[in-house]
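Two complexes come next, and they have one chain in common, chain A, joined by chain B in the first and chain C in the second.
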Partner chain A sequence: MRLVGIERARAVWLTGSVAVTLAPHAASLPSWLSAIAALMLLWQCWIVLHGLRLPSRWLLLIAVAGVMAAVVTTYRIPVGKDPGVALLAAFLCLKLLEARSPRDGYVVVFLCYFMQLAQFFANQTISTAGVTLLGTLVTTAALTTLNSNLLGTAERLRMSALMLAQAVPFMLILFVLFPRVDAPVWGLPANAFGGSTGLSDTMTPGSISDLTLSGAIAFRVRFDGFTPPPAQRYWRGPVMNDFDGRTWRVGTARMLSSVPYRVAGPRTFYELTLEPHNRLWLFALELPGAPPENAVLMSDYQLISKAPVRNRLRYSLSAYPALRGGLGEDRYVLQAAQHLPPDFNPRTRQLAQELRSANPDASALVAAALRHFLQSKFSYTLEPPLLGQHSVDEFLFDTRRGFCEHFASSFVFLMRAAGVPARVVTGYQGGEINPVDGYLEVRQSDAHAWAEVWVEDEGWLRVDPTATVAPSRVESGLAMAVPDRQLLPFALRSAFSWVREVRYRLDAANNTWNQWVLGYNPQRQKEFLQRLGMQAPDWHSMTVAMSVLCGLLMLGLAGWALAQRGRLDPLQRAWDRLSQKLAPAGLERKAWEGPLDYAQRVGVAVPRLASAMFEIARDYSGLRYGANAPATRDNAARRLIDKINRLHP
Partner chain B sequence: MLLNDLPTPIPAKTAAIAQRRIGGRFNAWLFRDRGPESTPIVLTQRRVFVLPTRPGLVFGAVLAAMLIGAINYQLSLGFALTFLLAGLGHSAILHTFRNLAQLQIEAGAAAAVFCGDPARFTLRLINRRGNARYALKLRTGSALTTIDRVDAEGTSNAELVLPTQWRGWLRLPRVTLETRYPLGLIRAWSYLQPDMSILVWPRPEPDPPPLPLGHGNAGGIAASAAGRDDFAGLRLYQPGDSPRHIAWKAAAGGGPLLTKHFSGMQAGNVVLRWDDLPPQMDNESRLSRLAAWIERANSGGMGWRLELPGASLGPAEGSAHRNACLKALALFGQPQEPA
Partner chain C sequence: MTLPAISRTIEQASRIILGKQSQIRLCLACLLAQGHLLIEDLPGVGKTTLAHLLAKLLGLQFQRIQFTSDMLPADIIGVSVFDRESGSFRFHPGPVFAQLVLADEVNRATPKAQSALLEAMEEQQVTAEGATHALPDPFFVIATQNPSYQVGTFPLPESQLDRFLMRIELGYPDRNAERALLQGESRRDMIAALEPTLTVGDLRDLQRAASAVHAADALLDYIQALVEHTRTSGLFASGLSPRAALALLAASRAWALIAGRDAVLPEDVQAVLPSVAGHRLKPAGESGGGTRLARTLIEAVALP
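Up next is the complex of A and B:
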């Protein structure tokens, strides 16, 4: 069967729809499948362009079997999200190659719509939304080829755009009012979430400096109280307590049922929107107040979520930036915070003993150690040299070049060797206020590690040796602190002010998108509807409001659909006017009366008007029912309207 | 979804069964089957029915699947896309409905045919709106025709071709006018029965005996100057013709403007008499033979007189006389007006 005429147009539009729909999937599909899909689309283009026959069905059946086998081999389990999307993508291309009837066309179009949704599994950014909308536009235009032979390309697109534009109010109403639920309707397969970047539960030299190469947002914060100055913005994450000579690991901590410290001092409130990192911990400004719902506070003041953070998560917290905890700290915790593996770093142990004997008081010891860091001419760099077995020794005495994890790790080692309980805290430090929307943006490049030491009668003190060595890191952020800026993410280099400006605007747009479109969850829906004036938005009242608004909208659009009744063309209006003019003489036109019959009746009743009426009737029926070119038609219509207006009964 | 104030109508197929079962009264009420209607017929919104097509139902199922996917994976944009497509479905209802609503239908040409030849009913679809209408499908019995486009404030002719089996009046049955434009998810349809009938003449006998000549004055065709004596036929209207001679009836019936043409008598010597035919011939064969003779006489430019039981036409000549004679044959023994 060769493709001609409308069938060819159909094939072109359907191929275009499939191409636009599948193109954004190419990044997330297995590369062999993307390649096969591209080949099949090219084959289809070749067939359409050259008017060739469609491939035979048995060939396609073999292809279906082959693709299924390949998908099963690639994914091992043929169920779930990713293999499902891969199979659908392959079927879509194969279906296109056998699309012969309009019915096949509908199958292709509906599969396209579904694949446009599947695109959101990979990501839901503004640009993805734009690409999807383009796909929906083309696919809807393709749907018109199944139902109309005569539209041109532009007309099809215009029709599609008009209909989608009319659908937008519906989308808004349903999006805002459709009751959202937190829990999935059905259990999700285990592969529903892939890996994400972020801090880890271990720390080795280099692990955080690797992270700073990413300019990705870690979380965003909106302060309701005062905004703490940069030097106080320590966002507490995993606390590392166990050291094996090279790697720091998260220690064991207890869940607390209440906040373990007496809250005092200035307090600020904030709402934090955390990007998914697939881990349990949440970040909190030191020291956090009562934990949010679905999270607990641990004995090392870390916030732990009850479920891994797999979606963007928003929570509200309070913070006491000036507070210290741990006045009556548990003996076992303090013992664990002094433990060191034997046989590592003899030179550091030697230094610790010297400092200890010179400063018996713990506070003085901390100060002396910081002084040592300051005097030893350390440099803060993103490219520290590699370290050997005695990593702390080599860093403190030989290389003296390192990143925050080197400083924190060696400081805590030094403190523990001197008999002071100490631990490494990882998290983020600083963040930048976006002037466009006022949100504080904390990026992966703000990842940081600092130390905590425990001093009798004072509790846990935060000590940031990095701040001693490179104060600008804490005051102004990473970009100001490191000499080797070319290694930083482009967005952080901030060479030109307009680059910064563009970045601010983009980030603010993304944030608004995240907060209001992607983050529109049950809580936000409730907040938003309350702000709109709904007293107690539950699913019942939302459904009622949704139905009422949709009903009104339908009425409005139906009114538009029927509105043409009043809009008669000028010729018709003039013709009706003629009948009204003659009505006083009892010569109104009857509904069933044709123009010529009417003219004859008037001509018999008022002979004076006979010839004028005849001319009018002749011209009117000629214009109304004859085949005229539009230009001559318009002129003739104008002359006829004049004639009608000049007629005086 | 239905855009008129009726309860949910049942699909046409079910309706057809229902009509057979309950005698069609319910159906007649539901779809306002009121028999032949005078034209122009305007498809008001009460006459246009709307229901989803099979692809439309599948579309709904796809949307349900998409909604579940969006809920399960908490895809905010998934919700947005699903709701956008739901809105598209609603927009499709309006556009499909609008594509049919307020369309005006007028009866067009319905020229008489010989029995066995296809009868062509022409309907004029008049679009008084500023937007074109597309993909309109008309169906009645075995006749099906598709109009790809009716221009904005334009007119298109739709021709429904029905087979003819019997002489006499053939009335246009109820026509279904439907459209699925633009997306095919929704079908809007309307039933209409314009009051149109086609006169079916008896089929002329294929190989008739020669014309019966010899009555009256042999070969004498009295020529007379063209005048106003007798109506001789119609010819196309030309500018300058007196309005008094316009054939108003023919024009009002939808035909072209014609001028009545008068001439002096041009009587022929051919007399076609029912009673002269062999007595063993049945009625239909007689009508066939007379029709064949009339055709032959007319094409030969002769005048003739037709004598049927109870009626006599002519003597005269020309196509008007031929049509009158054929009409008399077609309606022989039948009601003179369409039932």
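Up next is the complex of A and C:
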């Protein structure tokens, strides 16, 4: 069967929509399947271009069996999200190769729609939505070819765009009012976040400097009113208490039933949107007030969520920058904060003893240690030299080149060796205000580690040795603090201002998408609907509102369509009615058919109507195409309409 | 009702050219719309007979020019010869000076010779050695051409095809018509025995009547929709020109007159569209030829 005319246009459009639909899937499908799909599409193109025959059904049957076996071998199980999508992708290509009738075409089109939806299984970014929209546009244009309508390419796309535009109001109503559930409907498996970057619950030399190579957003913050200056923006994350000579680990901490300090002093409100990192901890500006819902405050002032953060999480918090915790700190906590592994770093221990004997007072000791850091000509670098067994010794006395984890780790070691309780706090420091939407963006490259020491009558004090060595790190960010030639995420470099401008805009667009589309959870839906004036938006009232609005919209569109019809003259309406009357007998007038031809066709099919139809067609063509005086025209038209009404097929 | 003169002409013609009534009607419509006609078909299907027959029935003075590849413009237009008696050049009119000119196998001649004829068609006059000579009135050209895939042809360019109001194809006769043809007497003798059914004066009256046939706004809308579709749908390499739209309207009017109507109906437009638009449309892709393309055009445009 060679393809000609409309068949060919149909095949071209269907192939195009399958290609546009499957292309974005290529990244998540197994590579062998992507390759096979591409080959099948090329085959189809070849068939269409050269007007060849479609492959035989036997061949396709064998291909179906082969693909199914391969998918089962690849995924082990034939059910589930990924194998399902893979199978459908293969079937879509195969269906295209056997698309002979319009019915096959419909199957291809609807499979395309479903596969476009399936893109959201893999990710839900704004660009995915854009790609999906493009696919839907092309597929809808392909759908028009199935209705044997002779249109040009531009006309098909225009019609498709028009149809999608008509769907927009319905989409908005459903989006805003469809009752939301907390978890994604298709229950993404936990491994979907396997690749998330972020801080971990251990810290070794190099673990944070590796992280700074990622320009990915860690979280975004919107301050309510006052925005703290960069040097005050310490976002507290995992607190490291246990040291084994090389690695710092999160220690044990108790869950607190209430905030352990009396909140006082100036207060900063903010709303934080955390990207999923598949860990329990939340980040908070020091020191946090009451914890958000589904989270608790630990005895080391860390916020811990009740479940790993696997979806983007938004929470509101207050912070008290002037507050200090731990005035009456527990004895066991303080003991644990002085513990050191024996047999490590003898030189540092000796330095600690010297400092201790010179400064019996703990505050003076801290100041003396910081002075030591300042005077010893340390340099702050993203590419520190490797360290051996006595890592703190080697860093403090030999290499003197390091990143924040080196400074924090050796400072805490020094303090503990001198008998002052101390611990490492990891988290993020700084962040950058996006001038486009005013959100503070904190990236992985803002990851930081600092120290906390406990001083009698003062409680836990934040000490950041990095800030002593490289003040620009906390005041202006990483890019200012490290030497020019070192590896940094491209976008952090300030040399290309237009790159930054573009990045700001992209980030702001992504943020809006995250906040309002992906982050439109039950709570935000409730807030939004209340702002719109719905008193108590619940499942029931939302369904009613949704139905009513959709119904009204439908009525509006129907009314508009009727109004368009009403503009036709009564004669034309009667003429159309005649065609509708005869439609059940399969004798509907074709859009291009002239009145006499129509009457003749009807007369041949139903001889009983021949003379009546002939009269009607003659009168109608006389009225519509003849030259007649307006006075006689109206009467003649009325008589004709009567005739049409009296005709009983 | 069909005018008696027209029905008589059609009836006479159908007796000679068997089974080709619709082509005969189209030819007549073309002449009534004052356009020139191009008949494209294989040799031997009756192109020349048809032209001859029309000349005879319409009572027109007839000349035939056989086009060949070594033909020169002077062979068509005529030459000036030095007259020894008067001592000056005298113009000897060529075969183009006739009321009905049959230009046989027009695509066998070189473009130079073709253009001499086509200029005459456009201007209704010829210019030879600086002097302008008016052509007779009425002046019709019926050109025949072989399908362009045949060897030794110079296809007419689009701009010259456009000067023909219609292009029709005759096609093989059907079985019964062919049998009747084989059994009957020589067509040439039958034509010689025919009496004209119209005078030149009758023909002029009919042409005037054709141009007076009413075309309602709804019908002009339809013609415009058709033309618009050829320009915007992307199915055609180029759309129909305003000249083509005028030709379509004129041909539709003549067709309506032949059908005995005083107003043009969409059916009239659809009947002449393949012949009027077929040689003016080129498909965007390689699929389908002129007349079939015109059919798809008709089915793509709804009546307004």
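Here is the rule we use: the second predicted complex is superposed on the first by the 541 of 649 C-alpha atoms of A that agree within 3 Å, B and C clash if a C-alpha of one lies under 4 Å from a C-alpha of the other, contacts with A are read in each partner's own complex, and residues count from 1 in each chain.
The rule is simple: contacts are C-beta pairs under 8 Å (C-beta built on N, C-alpha and C of every residue); 3 or more make two chains touch, one makes a residue touch a chain.
Predicted model only: the values in this text are computed from it and were never measured.
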Chain B versus chain C as contact partner of A:Q124, first or second or both or neither: first
Touching partner for A:R505 - first (chain B), second (chain C), both, neither: neither
Which superposed partner A:Y625 touches (first chain B, second chain C, both, neither): both
Which of chain B and chain C A:R267 touches, first, second, both or neither: neither
Partner chain(s) touched by A:A167 [first = chain B, second = chain C, both, neither]: first
Partner chain in contact with A:T153 - chain B first, chain C second, else both or neither: second
Superposition-derived comparison: chain B or chain C, residues of chain A touched: B
First, second, both or neither for A:W592, with chain B first and chain C second: both
Touched partner set for A:R8, first chain B, second chain C, both or neither: second
Residues of chain A contacting chain B in one complex and chain C in the other: 149-151, 592, 594, 596-597, 621, 624-625
Chain C residues touching chain A - in the complex, by the definition given at the top: 214-216, 218-219, 232-235, 262-267, 270, 285, 287-288, 296, 298-303
Residues of chain A touching chain C in the complex: 4-5, 8, 149-155, 590-597, 621-622, 624-627
Parts of chain A lying in touch with chain B, wherever the complex brings them together: 81, 102-103, 106, 110, 113-114, 116-118, 120-121, 124, 128-129, 132, 136, 140, 143-144, 146-151, 159, 163-164, 166-171, 174-175, 178, 181, 184-186, 188, 192, 311, 517-521, 554, 557-558, 560-562, 564-565, 567-569, 572, 592, 594, 596-597, 600, 603, 610-611, 614, 618, 621, 624-625
Complex contact set, residues of chain B against chain A: 3, 38, 45, 55, 58-59, 62, 65-66, 68-88, 90-92, 94-95, 97-98, 101-102, 106, 124, 126, 128-130, 134-135, 148-149, 153, 155, 180-185, 243, 246, 248, 251-252, 257
